[in-house]
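Each structure below appears as structure tokens.
One chain, chain A, links the two complexes that follow: it is found with chain B in the first and with chain C in the second.
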Partner chain A sequence: MMVVTQGTGSVGPWRVALRQLTGNRAAVGAGALFVLIVAACLAAPLYAHDIAHTDAFTSQVSATTVVDGHTVPVLQQSTAGLGLGVTPIGPTWDPTHYFLGADGQGRDVMARLLYGGRNTLLIGLASATLACVLGALLGIVAGYLGGIVDGVIARILDLIWAFPVYLLAICLSVVLLTSGLDLGFVHVSADSLLLPLIIIGLIYVPYVARPIRAEVLALRGKEFVQAAVGTGASDLRLMRREILPNVAPTAVVFLPLMASITMLTEAALSFLSVGVQPPDASWGTIVQDGLGLLYTRPMVGLAPGFALALTAAVLNIFGDGVRDALDPSARIRSGL
Partner chain B sequence: MNLNRRRAWLAFVSCAALALTACASGGPGPAGPGPSAGGAPGPANFEPQHSGGTLLIDSKGAPGTLDPQINYDPAGWQIAEAVYDGLLAYQKVGGPDSTKIVPDLATAMPTVTDGGTVYHFTLRPGIHFSNGQPVTVADVQTSFQRIFKASGPTSGTFYQNIAGATQCLAHPAGCGLSGVTVDPATNGITITLTRPDAEFAAKLALPHAAILPASTPDTDQGINPVLGTGPYAIASFDPNSKLVLKRNPRFTEWSRTAQPRGYPDEIDYRYGLTVEAEVTEVENGQANWVNDPLPADRLNELGTKYASQVHINPQAAFWYLPLNVNLPPFNNPQARQAVEWAVDRSAIVRLFGGSALGTPVCTILPPSYPEHVDYCAYTKGPPTTWSAPDLAKAQELVQQSGTKGQPVAIVVQNDEVNLAIGGYLQSVLNQIGYQATLKPLSPGVQFPYIQNSNNKVQISLTQWYEDYPAASDFVNVLLSCNSYHPGTDSSINISGYCDKDYDAALDRAMADQQTDPAKARAEWGELDRRAMDTALIVPLFTPNYVDFVSASVGNYQYSSSFSTIIDQMWVK
Partner chain C sequence: MIAYALRRLGAAVIVVMAISILVFLMFFATPGVDPAARIAGRNATPATLAQVRIAFGLDEPIWVRYLRMMQHLFVSRDLTSYVNRGQLIIPEINRALAVTLSLAIGAAVLWMIAGVAMGVLAAHFKGTPIDSFVMLLGIFGVSLPVYWLSELTNLLTQSRLHSSIFSWVPPLGYVPLTQDPVQWALHLLFPWLTLAVLYAGIYGRLLRGELITALNEDYVRAARAKGISERRVLFRHALRCSLLPVVSTFGLDFGTLVGGTALLTEVVFALPGIGLLTYGALQQLDLPVIMATVLYAAFFVVLANAIVDVLYARLDPTVRIG
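== the complex of A and B ==
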């Protein structure tokens, strides 16, 4: 196992990495912003029920609201010209009354943005974790055991890798959205958030597993591994005690970067109606809701788009910080 | 072809033919389209100062095959109207006269003998195809044979009554069609039917009965243009980018009512843009007409900044929700009534584009019909016209019905408007106690899908467009046992309702229509009321269609038969 010695005492690599990370202002700022975004999204029910007093999942086509002290319909019939078209109310910038306006169903965009963020973040983070954990396990097993096991796992990963990510995700989603996922002992309904979570997690496994497998192949010949073999340690113990700790930083580096990718993938699938199913919301479904309102109420599509871009950016900045913290060459470059 | 349009056409054809029969017999009949007796008001005189220029039409996609006897797409039929002629035609004008049948390549309306089984025509002399070849009775005979040889989509439905059609349907390649005989000496054409067909004249006016050169191959011509006799000829066609119509140099106007000369020198269809981009092009004068339904978020802009270029065409139609009376939960009358009470028709009109585009309805028969009775069984306030839904009552009915918590799938088309209305319905059904899901399908798939009982559709969103002003076209077609064909894609009685008593009442109303119209009107109104009391379908609203043309376009005309008449538009 790698041990970093600094100054008079020695500290573990994780503590060094943490120190490195906390010294990176950009990464800390991004991390803080990400925490704020998560906290805001977790507070969605609080905002909807206690501040905006609205139901984000029920059509409010005939609802009214108060703007500048006047009661107005949420969906406003055009009275000019030929009187064609009905336009949802725009942003009022009043947190208690349609802060970001309404969508085509008369629902509060701000409330849906927060609820949608919960789903997008949940699916993004959970599927990224799934991809990293499963990818790390497969990479370690394939790389360490080699032979037929490696051949089979590597070819399966190659097969998944060979498909364009979005095409594979759309195909799986379309099939599974018809009747859900039924494995006999477990059934996932078609409108469950678990479906996009599992699909996105699985399609990104090769992106983590392949580099980790390569790293394990290199580690397998190292002296400390050979020494452990010489002590009669079992394969499982070797993988757990010698290999895993050395590839774990790689998996950890992958996590935030992968989360931004999986979050965008979820948004794309939901935008294409094969991810989160209505009336549930995600940032992708809200962008889709806003597509038909781009000319009249661009905020409906822009707000979730901005939220996505911001969250992806902070995750990438934070991920870069984590990579710098866990990358030895980066530490050398910074003189530690 | 858009199936809703095809359904509309079938009904239209029936009506026109019924009216023709009624007029020929001299007896009383339903008010409806019929043949112009020569004195019918036709199009205005040609105004040469507006002749010329190029009409640019933006369309999302090409209409499919160019073969007029095969194409079954409204956009394809619109083109066919400018390029081809049959023995008869629908009058080429806007407004109600557009449903009247007039002679086209025939010199006059047919003489019908032998109890309605023999039709005598005389071919108009001096007509040429666009290559200069004269039109002969031999072309007429081979054109009718070609309907079967090319396996036209309506050969087995529209033209199966022609003598010899059965053999032609069984063996298309060797089709002789004994029922169509010609006399080159007199230019006479005789069509013999195996049995009277009240709809036959109307069927002859459709593009599938276009007269083509005898040399036309007996297979679908696809992207290869077929010669025609109309004012325009197809100059080029690339289904991915463009179709160009140019003036037929051999065309001279022979009947202003059937086939008036066109105004533009050239008509270009351009394919591939989004509808948003099409609207922008027409606004900027880069195109003349949007050949697609207009996007909802541009309507306000069009209705204010471009009001003079917008044409609103009222439709005798309605959008509705068929409730499947043979499947849970809607096999329970209380569950059906709950949906009737819950759905806010005004809210749905808002989702459709507002009060200028639709009006809430509570009955099957359009309010403009004399048979219509102001009756609104499921609204707050007086039960005459729509006022407001009653969610509490709906929730109570669901509770009483014992269907609370049951899953309900709403099958809708996947375009923007249908999805919006579907989303609202899903929300409402969830509110009254069901577990509602939305099942969006492409328009071409959704309509046959919801008709087929094998697909076990509980509730769907669909439309019915009037093609002729008769109550039977709504109530009889949508709710009779004859319209219910389990296990097929052609079961327009989507609710699956088949009640012998109700059917007998329908038959009585149709019979009384011929002898006692006043009594029949009352009967249709009562049948409509009974259907509402039984809560078989949920009527939502009656729509208007909005067209958008560029500032340079004049003489816009909307035909009930072929929508916008492209070759009568001025661009100069």
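== the complex of A and C ==
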């Protein structure tokens, strides 16, 4: 049996880290802003039904709205050239009537922005959690068990690591979008939000698993692990009680940084129309909707991109704060 | 050293082979994905489907199809598209590769120069507004979606400010370097700048962190104690070690840029590169083109990583062991 000695009044490392994090003004501010963004996106139905009185998912080609007391159509027939296109209404800056204007189908951009944010945040946070949990588990198992298990896991991780991440995500999405994912015991339909969630969560596993495996390899030789081995502890107990608590800070540090990466990946996939499928929206699909309207109604594409960039930035600032507090040497591979 | 390089390149070849098998299985062996159904169209009869299978060799065992595709891709180099029958893929890829490499190399030169300069400045002027600016740009680099920044650039240079200060910006598209070097550079200038702004921030921030760590090391204190000028300490002693992680990150980033991320930039700036070619092929499920472009992309990533590892071993001999 191990005897745990603890001096009276001493605080654990998590408590120390939390204290340091709350003392970091930039990180606290970023964290608060993130909570605000999440709350605003969760309130999307409230905004759509009770403030804007609009349906963000059906096209409203012949709808009208009120601007400065005048009733105007939401979609205006184009007067330039052959007069074939339509120009949606621009931002009115009136929260009750098309605050950010309408998209090409006459739908309220602000309402879609909030609904889209829900999906982007949901997929981003869930897939980041998936990548961190799975990555930590694989890293611990591979690093601790070593031998053939480690060989197989490490080679697979290396292979995914070598694959350009966006290309892998796009290829997987294209394949699975034609048929959905059918694993026999579970079926995910092609237009489900679970599809991008799972794909993005899995492709980033090596980003977490590789650094954690390296940490576990270093921990294995440490005296406290050897001491636990000497007491006859089982592998499972060793991994859970000795290894996990020592690599958990790294996994926690990766979580907010990973969430910003996965959110950006989701939006990029949706922008290329291989992520979230219509009629569902995400910040990426709205940027794509705005691509055709870029020169006439830039707000359609710029607003969701700005929301995405802001959210990714606050997650990064918050994540840097968590890293400084918990594990300053942790570094995640990040690119565009 | 040479033995290490050979070992590393051998590993790279194996990784590319593994990726080719992985991609092949992904598109040909995923349950529910039937290339023949895609080629034959929506309302094909079973007889048409059977004909298509025979015509495209889809009725053979999967390993035969894999070997045949690799043979067409690497040995006889006459792989043709499923969608545009008879269209040779390799010349098309070579044309597209010139575009993607023009984009990536130009951007890389800009971002490395700017990134190193900013990293050195930020570390030297730590705690001043210069430092804060570099840190902010670093946050931008990892947060701004590149396609969104590209759209913003287009909005300003092609539309809003096109009649005033950006009247010299040519319309979107690409002109080959061999045809007109000036137009080539003009067409690529804003794609380069867009990518460079994002990456320069990331690199500036990375280098700043490394430099600040290095400047606290004993060997820097020893150099200072010898009476060496601060400039020489910074450039000759600290910067040298700090560039190592920057070089290895650069290898990864450049490989991924050529191998995939460039797609997003190419879509918005209408550059007919590898990314756009892959994207078009994916939408039509044109499998030979997908296989070819993905393998080219993977080849670049793996090659870039191998070069970086060898370079790293040259700079830091301790990694050669093991």
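Going forward, the second predicted complex is superposed on the first by the 310 of 336 C-alpha atoms of A that agree within 3 Å, B and C clash if a C-alpha of one lies under 4 Å from a C-alpha of the other, contacts with A are read in each partner's own complex, and residues count from 1 in each chain.
One rule holds in what follows: a residue touches a chain if its C-beta (ideal position, glycine included) is under 8 Å from a C-beta of that chain, and two chains touch if they have at least 3 such contacts.
Since this is a predicted model, take the numbers as computed values, not measurements.
In the superposition on chain A, contact of A:312 is made with chain C only, not with chain B. When both complexes are overlaid on chain A, the residue A:50 reaches neither chain B nor chain C. Look at A:235: by the touch rule set out above, it reaches neither chain B nor chain C.
Applying the stated contact rule after C-alpha superposition, one finds that A:61 touches chain B and leaves chain C untouched. Contact with chain C, but none with chain B, is seen for A:268 once the two complexes are overlaid on the shared chain. When the shared chain is aligned, chain B and chain C each come close enough to touch A:294. The larger set of touched chain A residues comes from C, when the choice is between chain B and chain C.
Once the two complexes are overlaid on the shared chain, A:87 sits against chain B while remaining clear of chain C. Residue contacts after overlaying the shared chain place A:105 against chain B, while chain C stays out of touching range. Common to the chain B-facing and chain C-facing surfaces of chain A are residues 294-295. Partner chain A is touched in their complex by these residues of chain C: 15, 18-19, 22-23, 26-27, 30-33, 38, 139-148, 151-152, 154-155, 158-159, 195, 198-199, 202, 249, 252-253, 255-257, 259-261, 263-264, 267-268, 278-279, 282-283, 285, 290, 294, 297-298, 301-302, 305.
Put simply, chain B touches chain A in their complex at residues 276, 295-305, 307, 310, 312, 344, 346-348, 350-351, 353-357, 414, 416, 420, 423-424, 426-428, 430-431, 437-438, 440, 546. Here chain A touches chain B in the complex through residues 57-59, 61-62, 75, 77-78, 80-87, 104-105, 190-191, 273, 277-279, 292-297, going by the rule given at the top. Chain A contributes residues 158-159, 162-168, 170-172, 174-176, 178-180, 182, 260-261, 264, 267-268, 271-272, 274, 287, 290-291, 294-295, 298, 301-302, 305-306, 308-310, 312-313, 316-317, 333-336 to its touches with chain C in the complex.
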